[in-house]
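Take a look at the structure set out below.
Think of it as A, B, C and D in the order they're written, each chain with its own count starting at 1.
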Amino acid sequence: MIRIIVQTAPIDLLAEITQAETAGERGAGAVATFTGLVRADDGVETLELEHYPGATEAALTKVATGAVERWGLSAVTIVHRVGPMHPGERIVFVAAASAHRAASLEACAYLIDRLKTDAPFWKRETRGTQASWVEARDADKDAAARWTS
Amino acid sequence: MIRIIVQTAPIDLLAEITQAETAGERGAGAVATFTGLVRADDGVETLELEHYPGATEAALTKVATGAVERWGLSAVTIVHRVGPMHPGERIVFVAAASAHRAASLEACAYLIDRLKTDAPFWKRETRGTQASWVEARDADKDAAARWTS
Amino acid sequence: MTVTMVYFAWVRERIGTGEERVDPPASVTTIAELVDWLALSSPGHAAAFADPARLRAALDQAFVPIDTPIAGAREIALFPPVTGG
Amino acid sequence: MTVTMVYFAWVRERIGTGEERVDPPASVTTIAELVDWLALSSPGHAAAFADPARLRAALDQAFVPIDTPIAGAREIALFPPVTGG
């Protein structure tokens, strides 16, 4: 079961994980998750996420479908928040559920690596009166590329 | 911050993840988790977990400390349930929190791989009137060994 | 041919709008040529498209290379490299 | 020398107790030798230790190889390969 959500509301972790645990005919034996949070360690006061409505959901669905096909998962969840948020708040949550642990762990890493390069989101950071768009990192491109082999 | 718990009570996911997210001076930018559940797909009605009190906590602390040293994590949590449990219930929860995602994802896989081979837990499955001890898997030994390089 | 342009992040900010409909001449056949042509339409467009290496594109909501032909496109998006997650 | 033996899983079940205090002779110097000596004490012990390759050991709560010397040990544990997680 694939669950893709782009929302302005805070991410409800417990509901999302429980859903991933119990999705599918028999539920999962293993659930791996990744949560990305707004970091407080570099002076950012507000982080604003912009996205491309429609194209974002299509890109995330493609990433999720690729993971299900590759690892035979019982559930994939991707929840990405958009709009303004503050240090400590959750930006993104991904979960991969499977019968055994290796598939869920690998798929979870795949989901977040691909999401970073394949989904149309842009981050703007505000520090005091200074706003700046976050630059894309080569490391993200490298991380995504390792899954194409 | 290292948090090691062996308990008979159900695992409180939300409390554990929130704790991992906010532990440390500045909190985390990335939290990876793994949850193992009792599978319902092979006829098991009850799974009972036995452990070696004292030695279990020492072994889990050693695994957690190794992960903190290797990946510079802001938090590691390992919660393992013992006693009888049923299909769909959580057996084990591990979390690794760090500034960036690669460290948390790798550390999370390390924690569960090492736990499988290094911590004194034993599983007994009951199907109808038949109880049997689960056999150790070579795959677990191989998974743990890949982290020693 | 009329096409809807959509812009995101600093491309949108520099141009001053997130969406506009444009009608390029027949000589404009690829997204890269469309960018060069749009750069002439205002100082904002010129600033947004000053460094084409920093631009990414989508055609009808699917990511595509910047040299992709525009024939038949309904919606073309221009934006910086993505930074989600 | 008196040492506390602790047993887990099917080792415990076959022996019929999770803990006992034993007093091996001086000729018993390693855990492997202790296992051979304990196997003589009851049919349950014999059944638990019939296949030494399936046994794992801990000395004073730390995992050790089965040929580890027992000198100075307070607690020795014998159990099957672990299956947690």
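Throughout what follows, a contact is a pair of C-beta atoms (placed from the backbone, for glycine too) under 8 Å apart; a residue touches a chain by one contact, two chains touch by 3 or more.
Note that the structure is predicted; figures quoted are calculated from it, not measured.
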- Message: On the document's contact criterion, could you list the chains that touch chain B and likewise touch chain C?
- Response: A
- Query: Taking a step as a move to a touching chain, how many steps at least join chain A to chain C?
  - Reply: 1
- Item | From chain A, the most remote chain by mean C-alpha position | D
- Task: Report the inter-chain centroid distance for chain C and chain D in whole angstrom, where each centroid is the mean of the CA atoms.
- Result: 73
- Cα centroid separation, chain A vs chain D, in Å, comes to 48
- How many angstrom between the C-alpha centroids of chain B and chain A? 22
- Task: For chain B and chain D, let me know how many angstrom lie between their CA-based centres, rounded off.
- Result: 27
- Message: Quick check: what residues of chain A touch more than one other chain, meaning two or more?
- Response: 36, 101, 112
- Message: Two or more other chains touching the same residue: where does that happen in chain D?
- Response: 85
- Which chains touch which? A-B, A-C, B-D
- Query: Contact residues on chain D for chain B in the complex?
  - Reply: 6, 8-10, 58, 61-63, 77, 79-85
- Message: Please output the residues of chain B touching chain D within their complex, sorted ascending.
- Response: 36, 49-52, 54-55, 58-59, 80, 91-92, 112, 115-124, 133-136, 140
- How about chain B: which of its residues touch chain A in the complex? 13-14, 17-18, 21-22, 26-41, 87-88, 90, 99, 101-102, 104-105, 108-109, 112, 143
